[in-house]
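Here chain A shows up in two complexes: once beside chain B, once beside chain C.
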Partner chain A sequence: MSIPLPLFIALPLASAFLLPLCGKKFKGFASLAATVVIAVLLVMSILSFGRFDVYIVGRWTIPLGINLVLDGLSALMLATISTVSFTAMLFSNRYMEQYTSKNKYLSLFLLMVTGMNGVVLSGDIFNLFVFLEIASIASYALVGFGCEHEELEAAFKYMTLGTVASMFVLFGVGVVYGNTGSLNMAVISRYVAENGINTGLAFALALFTTGFGLKAALVPFHAWLPDAHPSAPAPISAMLSGVLIKALGIYSLSRVIFNVLGISVQISWVLIALGVLSMVIGVFLAVGQWDFKRLLAYHSISQMGYVILGIGMAALILSNGGNPAWASLALLGGLFHLMNHAVFKSLLFLTSGSVEMSTGTRQLKELGGLAERLPVTRSTCTIASAAIAGVPPFNGFWSKLILVIAAVQAGLYGLAAVTVLVSIVTLISFLKVQRYVFLGELPENLKSTAEHRGLMACAMILLAILCVFMGALVIYEPFRVVVLDNAVNALSDGFAYAGKVLSAQILTGQ
Partner chain B sequence: MSNELLPIIVFAPIVLGFITLFLPRALRYFTAPLTLLVTALVFLGAVGIFQDKTLSYSVPIFNIQEISFDLLLRNTSLSSFMILFAAGFTSLIAIYSVKSSMDNKAANIFYGAIMLTAGGSIGVLLADHLLVLLFFWEIVTVALYLMITTGQEKSNFAATKTFAMLGASDGALLLGILFTYKICGTFQMSHIAITENEPLAIAAFLLMAVAALTKAGAFPLHTWLPTSGQYSNAAVMAILPASIDKLLGIYLLVVLVLPQKGLFAMVAWDLRLVLAIIGAATVLIAVMIAMVQHNIKKLFAYHAISQVGYMVLGIATMNPIGLAGGLFHMLNHSIYKSCLFLCGGAVEESTGTAELEQLGGLGKKMPLTFMACFIAAMSISGVLPFNGFASKWLVYQGIIQMGKDTTTTAAILWPLWLVTAMFASALTLASFVKILHSVFLSRMPDALRETKEVSAFKFVPMMILAALCVIFGILYTLPLKIFIYPALGFKGDLQVLGFWDSSFATLMLMIGLCVGAVIIAAVSIGKKARKVPTWTCGEIQPNDSMIIPGTAFYKTVSSLEGLKQLYSWQEKEVFDPYTQAGKSGSGLTNMLKWLHNGILPIYMNWVTIGLLVLLFILCEIW
Partner chain C sequence: MLYSLCFLLFMIGLYCVLVKKNMIKIVIGILLMEYAVNLFLVMLGWRKLAEEAVAPIAAGGDLLDKAGTVSQLFVSRAVDPLPQALVLTSIVIGLGSLALMVAICIRIYEKYGTFDITKIRRLKG
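Up next, the complex of A and B:
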């Protein structure tokens, strides 16, 4: 069954504009409709695995028109986005009752999904920018959704730095257009493959790296994240840390570097440096935090470092002419870690939301002994902590293992050691979370705390089950080929992307 | 026996244990008997495994880029006897703790963790694939963490420290394993034999040895052990740190260094000096600290560290006698140390405290516990004819042998190792005299008048372990021939100078004891002892003021010039890698926090600087 690609964008976009019409009376209906839309997107994205599809908008062929491209990497991203947004939506149904104007929330949520789906499907670089802005602006509003002063401050900071990032990207798009005469990624890719990269394009590459690096919150472009992610409502924190930084940042960055402008030794080392800096600085900042969500936010920086490190190592191996097997292993590890991080980090944010909703605080020092009061939250949070710390058999173990194997095999022993070290510090900081939130003495004022069950618990259990069984994506070969290997090949093929997209256009006969 | 037994005995308890972790508390009446049943069945399976040493099981799981992840399990004579004892300890502890854990708030986590331990430890011992070994190794770590969290107040701190240190060593193990793979291109342990003494091989060996030594609790990575000893339940200490963690740590070390067969036999041969230093330092330092402890469980925990030193020393000799001694000592230690912890737990349960100052005179109230504790204490101190003596004797023989056979630095220094080991053994005895005195013998405080002996669930496991101490001591050739020699691949008997005749010595001891008993009886029969309250200058002294606590026994040692400073540093955790790493880590964190001051223009500056650097690199304008 072939699903028309524009549906991924049109469906959430249309519902985002229709839902506010429901008004206060039909609030329940609006939530239900939004959940159904996201569920449909989830099913569609799972069905799109293993497909390669180019959609020509309005029959204007490349290079004249706009195209949407679905390849292995886009499919992986789509599935990640839909999974996290589905569980976040389930969680929101009860959680967002604490706030007013839920319809606006739903509408912004769907807009953000629209933007992310658009980014990962877009086949031309200007539309990528447009969708990136849609998702970003929706997320600025969502960060400030509570309208408390710290939330507004965080949203303002986020918006300022986010706008700077968008401007860099737009500037880069302009420079690329001036140098190659096209905005279509396949055409640019073909141009670079034939003519090599010139100083103008290198300038654009630096701009893209900064812009997308800001969106991905890589050190030193990360400063907005620790304010923005904790300030948002918990399901939105889950969305931001879980998928937004990946779709807007990591995906765009790796797509542009691998498939459009091409890899070089310099950019590989830049990626590795960004990765290592993010991993180390992020994790050491995280371990010192006493605010539950802020701690999680710093871990997002650190974990994004893993992903970028994997991608950077692959780029280095490929551009040095090393063994491509280790390059694809590094990519596999990086991309798998991206999926895993989406799952366990959104789960962690949801559990933090559950704790905050039940106790009214997220300061670790004011909590304690909640294991008996919040059993579901405790179990799921423990599973997610084990997953992010890389305890077998949870999903994080497999991706980190693969990353370290790739680093050792490629002879990058120092990077392997850093990866393991950061993993140990991660473990320590989640032991801290367990110790202060769920173990120890229950404070007097929390004796009557009760857990919110229902859909919130469902969302958390769903993600916890994924944490336990997602290792199957690596272990079970057919899954790996369809989900991960396709995505890895999409990146490691490099400029072959152009040929594939352009020939697919001819095949569709348009 | 069919080969399918291997995966079943490993995975069935793990899966059941994992599910049990998440069950609601109300189901504990179901999970408690389930735990007993599972551990008993695992023990039966372990007996089966012990009888058939040819079992092996392999199934390919997946393959990425020529790297194969296969589930390879194989039984060897080294693993089979360790499996037998690991399963045995698990079921004994399950019996010991199953009833008292019912009242625990997190009962199901405790039961689940026991099952995880059963499966995980056997998995480590059976694994023939390094990553499979790592997998189970980590499961055992997690099980220990979960068990400690079920303890009382402050156990959360102990659990955190334990998992942090063991987790860090697991990270070292992972790196070591991958370096090994890089060198020889296979994960299959039976195919790995590294002969080149290159830097990568040395790094790999050291990393893996760190993991083994941390698990076993050797100096200087031992500090998780006393902390968890102080705050967690005695049963937890008895099952993992005292016995199974020792089995696993020493197993890995032997697998690495065993001459001719070990993964790193050649590399390790050159690093014997390092191992010997670690061994000797562990023996001496830990026992010195143990002497001045006031908490039974913490004191036992320091002895659990000190005894590791003997095992490491025995292995460091790398000659047959020393290796046999090291392994035998590991076995004996697991037996008497879990017995000791169980006794400590029994005392704590009956009296409500584990602090030596508040205990005393319990020998009459808890005779069975006293007997078990006495036998185990004599064993650990290396007193004839108990098992600890037999294995320490072998270790000493091994050290002397090492001095004869080779001329490397490690061998030339053999008198040093020998003297340290023997001196530490004397200190161990001293420290247990203190324990026996303060808990069981000295005057009983008034608060403990109502103390009762523990239930059969508790004393039966203690008695079994104490009986093993006696049997393995008197008939010490039996365990050597059945378990140790086959495990190391020796045929027949070892020719050792000064193998002692245990039956004669035991006979003499028994005669001596009988004569003593007769004398006591002869003197006391027919004479009535008169009991009067103590009084000084006309004042009757209250009972509690007349207690001579054992805690004062070795104060002179800790106030010796030179040692005094070291003891006070030790108290302040100056030598604790966990505390020190934590301090430097938080220094780094604070510096980074200071940089993140929340001022937007500064953040903008970072972005600008970042962009400039990128432009310099990418546009090649330098």
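Up next, the complex of A and C:
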């Protein structure tokens, strides 16, 4: 069964504008409708695994019009986005009752999903920018949703840096257009494959690296993330850390570098440097935190480092003419870690939301002994902590193992050592979370704490199950071929992307 | 040459964002960056010989036949219309983000009573 690609964008976009129409009387209906829309998106994205599809908008063929491309990498990102947004939506049904105007929240949430789906499906760099802005503007508003002192301050900081990042991206789009005369990724890719990269395109690549790096919060550009992610409501933190920085930052960066402008030794060292800096600095800043959500936010920076490190190592091996098998392995590790991080980090943010909702605080020093009061939260949080620290058999272990193997095989022993070291520090900081939140003395004022069950627990359990069983994606061959290998090939094919898209256009007969 | 002036304007905007303490001035800096990029996009479709350039609207004389094929002369003289479409889109996006940014500034002023970002420092660590 073939699903028309614009549906991924049109469905959440239309419902985002229709939901505010059902006023206060139909509030329950609005939440239900939003959940159904996200569930439909989830089913659609799972059905789209293994497909390669090009959609020509308005029958304007490729050099002229806009096109949407679904390949392995887009399918992987779509599935990740839908999974996390589905669980976040389940969680927010109860959690967002604390805030007013839930309809506006739902509509911003759906707009953010629209933007992210658009970014991963777009086959046109200007369109990518437009969708990136849709997702970003919705996320700025959601970070400031609480309208208290901290939220507004974080929203302003996030918005300033986010808009600067968007301007860098738009400038890069302009430079690419001036140098190649096209905005379509496939056409640019063919141009670069034939003519090589010139000074203008190299400048554009630098602009893209800065812009997308800011969106992905890689270390020299990370200042906004530890403020923005904790200030948002918990389900939104889960969305921001879980998928937004990946779709807007990592996905766009790797798409532009691998498929459009081409890899080189220099850019791969830039990626590796960004990755190592993010991993090390992120994790050491995280250890010293006493705010639950802020600690998690710093870990997002560190874990994004792993993903970029895997992608950078693959680029280095490919551009040095090394064994493509090890390049594929590094990419597999990076992309699998991206999926895993989406699952366990959103789960951690949801559990932090559950703790905050039950106790009214997220300072680690004011908590303690909640293991018996919040059993579901406690068990899911333990699973997620084990996963993020890379304890077998949880999903984080497999992706880190693959990254270490790839680094050793490529002869980058230093990077392998850093990967293991950062993993150990991660484990230490999550032991601290377990110790201060769930073990130890129960403070007097938290004696009567009770857990919120129902959909909130449901969302957390769903993600915890994924944490336990996602290792199957690498171990079980058919899953790996459909889900991960397709995504890896989409990137490692490089300029062959252009040929695939252009010939698919002819096949559709338009 | 003119392109580097665009880049200079972009850098002035970035400097303003990074150095200024007043939130409204930061917003103005972001706008400067936006205008620099928009100017750059418009200039991509610009032709050097101004007297030769025509608007990219094919009128009666520019069409060779009823099927709508345009003459080579028109193609060589018309300015590139695509950057203008890009600029329109980017202006609209810029308007949306400007409105949100100013709204956040107003709310912050209500809460903190100041526009000075050095005094708005509850988040740290």
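Just so we're on the same page, the second predicted complex is superposed on the first by the 510 of 510 C-alpha atoms of A that agree within 3 Å, B and C clash if a C-alpha of one lies under 4 Å from a C-alpha of the other, contacts with A are read in each partner's own complex, and residues count from 1 in each chain.
Note that a contact is a pair of C-beta atoms (placed from the backbone, for glycine too) under 8 Å apart; a residue touches a chain by one contact, two chains touch by 3 or more.
Keep in mind it's a predicted model, so treat the numbers as computed, not measured.
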item: First, second, both or neither for A:V164, with chain B first and chain C second; value: both
item: Which superposed partner A:I267 touches (first chain B, second chain C, both, neither); value: first
item: Chain B versus chain C as contact partner of A:D227, first or second or both or neither; value: both
item: Chain A: partner with more touched residues, chain B or chain C; value: B
item: Contacts of A:A155 with chain B and chain C, given as first, second, both or neither; value: second
item: First, second, both or neither for A:A193, with chain B first and chain C second; value: neither
item: Partner chain in contact with A:L329 - chain B first, chain C second, else both or neither; value: first
item: First, second, both or neither for A:Y140, with chain B first and chain C second; value: second
item: Shared contact residues on chain A - chain B and chain C; value: 157, 160, 164, 226-227
item: Touching residues on chain A, where the partner in the complex is chain B; value: 157, 160-161, 164, 168, 199, 202-203, 205-207, 209-210, 213-214, 220-221, 223-224, 226-227, 266-267, 269-270, 281, 284-285, 287-288, 325-326, 328-329, 332, 371-372, 375, 379, 386, 389, 391-393, 401-402, 404-405, 408-409, 413, 416-417, 420-421, 423-425, 427-428, 431-432, 434-435, 439-441, 474-477, 480
item: Chain A contact footprint on chain B (complex, rising order); value: 21-22, 24, 61-67, 69, 105-106, 131, 134-135, 138-139, 142, 149, 153, 155-157, 159-160, 163-164, 167-168, 171-172, 174-175, 178-179, 181-182, 200, 585-586, 588-590, 592-593, 596, 598, 600, 603-604, 606-607, 609-611, 614-615, 617-620
item: Chain A-touching residues of chain C, taken from the complex the two chains share; value: 10, 13-14, 17, 23, 26, 30, 33-34, 36-37, 40-41, 44, 82-83, 86, 89-90, 93, 96-97, 100-101, 104-105, 107-108, 111-112, 120-123, 125
item: Chain A residues within the chain C interface of the complex; value: 126, 130, 133, 137, 140-141, 144, 147-150, 152-157, 159-160, 163-164, 166-167, 170-171, 173-174, 177-178, 183, 226-227, 231, 289, 291, 294
